[in-house]
Amino acid sequence: MENLLHIISNIFIVVGTFFILIGVIAIFKFKDFFSRILSTSKIDTVGAITILSGLAIRHGISWFSAKTILLMILILIINPLKSHTLLRYAVISGHKNKKAKGNKEVAK
Amino acid sequence: MTNQYIENLLFYFVVSPVIIAVILYLSGANRFTRIVALLAQSTLFYFTLQNFLYVSHTNNVISSPVGGYYGFMGIVLVADMLSSMFIMLTAFIFLIATFYSFSANHSPLFWLLKFLWQASLIGIFLSGDFFNIFVLTEIATIVVTVLIMYERKNRNMYDGMIYLVISTIIVNFFVFGVGYLYRMTGTLDISLVSERVRYLYTSDLILPYALIMTFVGLKCALMPMYSWLPKAHGSKGAPSSVSAILSGLHIKSGLYLFLRFSDVFQNGGIDGSQIFLVLGIITALAGVIFAVSQTDIKLMLAYSTIAQVGLILVGLSIGDIDGYNYVGGLFHIANHAIFKACLFLGAGIISHYYHTRESTQIRGVFFEMPAISIAMILALLGIIGTPLFNGSISKYFLMSGTGWDTNIILNIVNLGTIIICIKFSAIFFGKKPNIRKKPLDIMSHGVILLLGVMCFLMGILGIQTINFLFGYSVYVNIAGYTEKAIIFFVSLMAGYVIYKAFLTKEGPAMKWIRTSEMGFRGMCFSMVAFFAFILIAVGFYN
Amino acid sequence: MTTTIMSFWLFCNIFVLFQKKLLSMILWLFLSSIIASLGFLFLGSPDVAMAEATASAFVTIIFIVCFENFFGIKNLQNFIEEENSKTRENIFKKIILPAFVVLCTFALFMNFLPQAPQDTYLKNLYILRASTDVGGQNVVGAIYLGYRVYDTIFEALLLLIAVVAVVHLSHFDGVYKKDGKQSEVKNNAISLFTVRIVAPITVLFGIYLIANGAITAGGGFQGGLAVASFFICRFLIFDIYDIPIKKVNKLEDTIFVAVVIMASLMVFHGFFGEIPPNYLPIAQNIYLFIMNLLIGIKVACGFTILLYRYVAIERN
Amino acid sequence: MNSIELISIIVFFLGLYGLLTNRNIVKTIVFASMMEVGIIMFWLSIGFTEGMVAPIVASMFEVDNYQVYISDPLPQALMITAIVIGISITAIKTIMFITLYRKFKTTDWDIAKIKSKEVSKEAIQKG
């Protein structure tokens, strides 16, 4: 039973790190700000939650896993708020995409 | 008084001003704040006097671990002869300042800051713990910054900013040095560290010594790191009682820390007295040159404070630890507190009455305010070191037994101080201004007169005061004293001639010295250069 | 493991140095102190990690709120700096000379590094005797509330003076304007909704830290800072400035007097001496709890006032 | 002489270098607080060994050799004080800079020096 738990938690952790790897690749693939924010925020949330659930499974029913579950709930609430506020203030402070800037030069 | 009762009293010397300050601040502005403040201040002075008498009579060191945790686990407050004298001096000068600013109804913020400043200074003089000195110096820095910027109308933000930023950067060096000391000796208590430092190699102690002495160097405004002092002491926004305490007392906490820390490192085998002798001489000379070129009376006094502090450092680091020079240095600390407080308070009243601080525009003070000008003339005679005044006694001991080269330099510094005082006393004579006479304020004028008379009294009863204050029994041989008197009168004549010949009109050189001032980056450079200089001097020549 | 984190912290600090724009410099500073607080965890000090994390958050809020009008203009400072240092040869004075001076001092510093081994005299005493002398499981809490409570009094005093200094040194005199400047960016429903959920959790976390400061890591200061972050959410996100600042200021001063009286009564008259030994642990725990509570409330009030001054009055 | 101490000394000197090179008052405040974090790191790196445990009684029992593997509680108690001092000093510097900026309209140390002298000269004539 012990090593079964370990195997499952190892799988979860590997999947989580794989998600975060995709997030890092996404940062370098997309050129402008908005698509980067879109990809990283989604993947960060998913990656963090899978790793944390992997840890929770490893420790079974204990105070440690209770704390990780509370942490997961907090991440679920705060991460969308973080990316939302970033996006909103970027738009308000007049951040334009790179492509749009290109047209402006042409217009000039 | 039983020892147990006195042991707890030490803690209340520091905490009672804090509680009084906050209560006064909370009670808001009403008629009683001044009276309560005066009563609290006089009881505090009474208890410091009692403590000083107890320590000087029974001649034992009171060390009271705060909280009763023995074995140096907590913080230990130490009151030996030197620190009780400093506490009494602090309480006395603050009592003088309370009398002085009694008539001007200040806001409760003023009383809050004044009592907190006194609490932190007494805390520094009493504390036997390195990190505690760091916390108390930070509190003193913030309180002084706010007090310098007290009057909203004519305060100059740049001076306050320079003072705060420079003092907080230099304190980082101090905390670094204390970190190394803690790592090597395992404890933070000064007496325990000075015991355990004996078992370490001297080469290990060089770096903490340099770090801590840079902090002490800035606190005593040594030569390269002096330009925060005229901004702080001569700042426009400061009420005059604040600059009097700053110049008379706040600079002494730096000297006190110098004494304490050089004792600690003396046990470890590092003797920095040669370095600080040279630095003291350079500071004294430069302070004199800068002071002569000033026209603003408060800046003139601020730069002369630098010169006097340099002189005191020379005294403390020439001879052996209990020699005549050491006693001269200590006595000059007390004298300097008295006459500088008197001069600054008088200058405050004069600049308030004439609405200007330019010495060229102020004339005829002697006819306008005879009481104050008599007191200030007594104080000026004290600084110069005229015979039968307190300055001459301390200078006599300072210069006793020094080689002929240091003697000449000290006489040149004395000549410089004479020229400064002549230039300063130009404001007393001349034609009577047509300004309407202000009502005589008994409190402040009386206090200044008291200080002036004290300068004279401490001169005549010099040997008794030294015995009372420091417990050293000293002897003045008449032949040496008369020789000093002759040299004094010669230099007085020479000073007058030099002043009349060169200094009445301001030449281009003088103007450049007056207006040249270090920027912020210059001060940071001077800090780093000072640190590197001490490292090299102690590291390679020890 | 710790050296990798610390080297990453070093790189963040190097990046702080070479930033042209002010905003990026402040954000790099924030990142470097967050990593430092993570490093403190690996150095075995959770208390300092918590204090450092909330401290760097507050300092960054203060910087961004106050220096807002310096970020927007195309690096106004560089424009001023260029205007003064037009000539190229002054590059020597600006970059090379300071670099040379600092490198020499660094070389001197490394040359005289002390090699003496670490002396753990006080460390052993504290670890052995802290929980019996002062009570409570957290030795760090026992030190700064029991052995060195003299330091803690002056630290609480320092916070009180900082508030007084900020009020006195600001351009506007002590008038407490009821409604500060509304932030020009209207806050929409999403952030209001989520902060309404998260804010109570931070307050709960703060009170938890204050409550068992003596048992687990945490204590008066960290808990107070966490509770203060709730009030700061009200200023920054909800734009509501309805907190009666004058009363909070008076509350802070009275609590400070209570702290000083409490400390001097309990510890300095050896009050613990008179308690019969079997009741001693309870009295010690009560004392630690009350001290933590008072310091926590005082720190929370202090920082609320500080942030109110910056956000409501200094911003425009 | 462990690696953490070396890194904190380097950060301290980085802050010092920053102070010497820039003329912007705001950047001086940033570099001063950077120096303070460097010193806090130096204090906590005293006697550091890998895998240290916090000095809380509960976690002390798991460690066998309590001499080495429990971190020193004293620097931690002191550094909480140093952090709180760091915050309040930075807060006061910021307020002073804002008032200075409102009066002198500059963020440069040397221009502020020149302007402060002009203000004092006016005060003399007017006074």
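Going by the order they are written in, the chains are A, B, C and D; count residues from 1 in each one.
Rule of thumb we're sticking to: a contact is a pair of C-beta atoms (placed from the backbone, for glycine too) under 8 Å apart; a residue touches a chain by one contact, two chains touch by 3 or more.
Nothing here was measured: the structure is a model prediction, and the numbers come from that model.
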Pair joined by the larger number of C-beta contacts - B-C, A-C: B-C
Intercentroid distance (Cα basis), chain B paired with chain A, Å: 60
Between chain B and chain C, centroid-to-centroid distance (C-alpha), Å: 33
Distance between the centres, which are taken as Cα means, of chain D and chain B, whole angstrom: 28
Multi-partner residues of chain C (each touching 2 or more other chains): 98, 101-102, 105, 109, 113, 115, 118, 120, 122-123, 126, 148, 151, 155, 158, 161-162, 165, 169
Where chain D touches two or more other chains, by residue: 16, 20, 23, 29, 46-47, 74-75, 78, 81, 85, 88-89, 92, 96-97, 99, 103, 110
Every chain pair meeting the contact rule: A-C, B-C, B-D, C-D
Sites on chain C touched by chain A in the complex: 185, 188, 190-191, 194-195, 197-198, 201
In the complex with chain D, residue positions of chain B that touch it: 131, 135, 138, 142, 145, 149, 154, 156-161, 164-165, 168-169, 172, 175-176, 179, 182-183, 188, 236, 355-358, 515, 517, 519-521, 524-525, 528
Interface residues, chain C side, partner chain D - complex: 1-3, 6-7, 9-10, 13-14, 16-17, 22, 25-26, 29, 32-33, 36, 39-40, 42-48, 51-52, 55, 58-59, 62-63, 66-67, 70, 76-77, 80-81, 84, 94-95, 98-99, 101-102, 105-106, 109-110, 113, 115, 118, 120, 122-124, 126-127, 130-131, 137-140, 142-144, 148, 151-152, 155, 158-159, 161-162, 165-166, 169-171, 216-217, 219, 221-222, 299, 306, 309-310, 314
Sites on chain B touched by chain C in the complex: 8, 11-12, 15, 18-19, 22-23, 25-26, 66-69, 71-75, 109, 112-113, 116, 120, 123, 131-132, 135-136, 138-139, 142-143, 145-146, 149-150, 152, 160, 180, 183-188, 196, 200-201, 203-208, 210, 521, 525, 528-529, 531-532, 535-536, 539
Residues of chain D touching chain C in the complex: 1, 3-4, 7, 9-11, 13-18, 20-21, 23-24, 26-27, 29-31, 33-34, 37-38, 40-41, 44-48, 50, 52-58, 60, 66-67, 70-81, 83-92, 94-99, 102-103, 106-108, 110-111
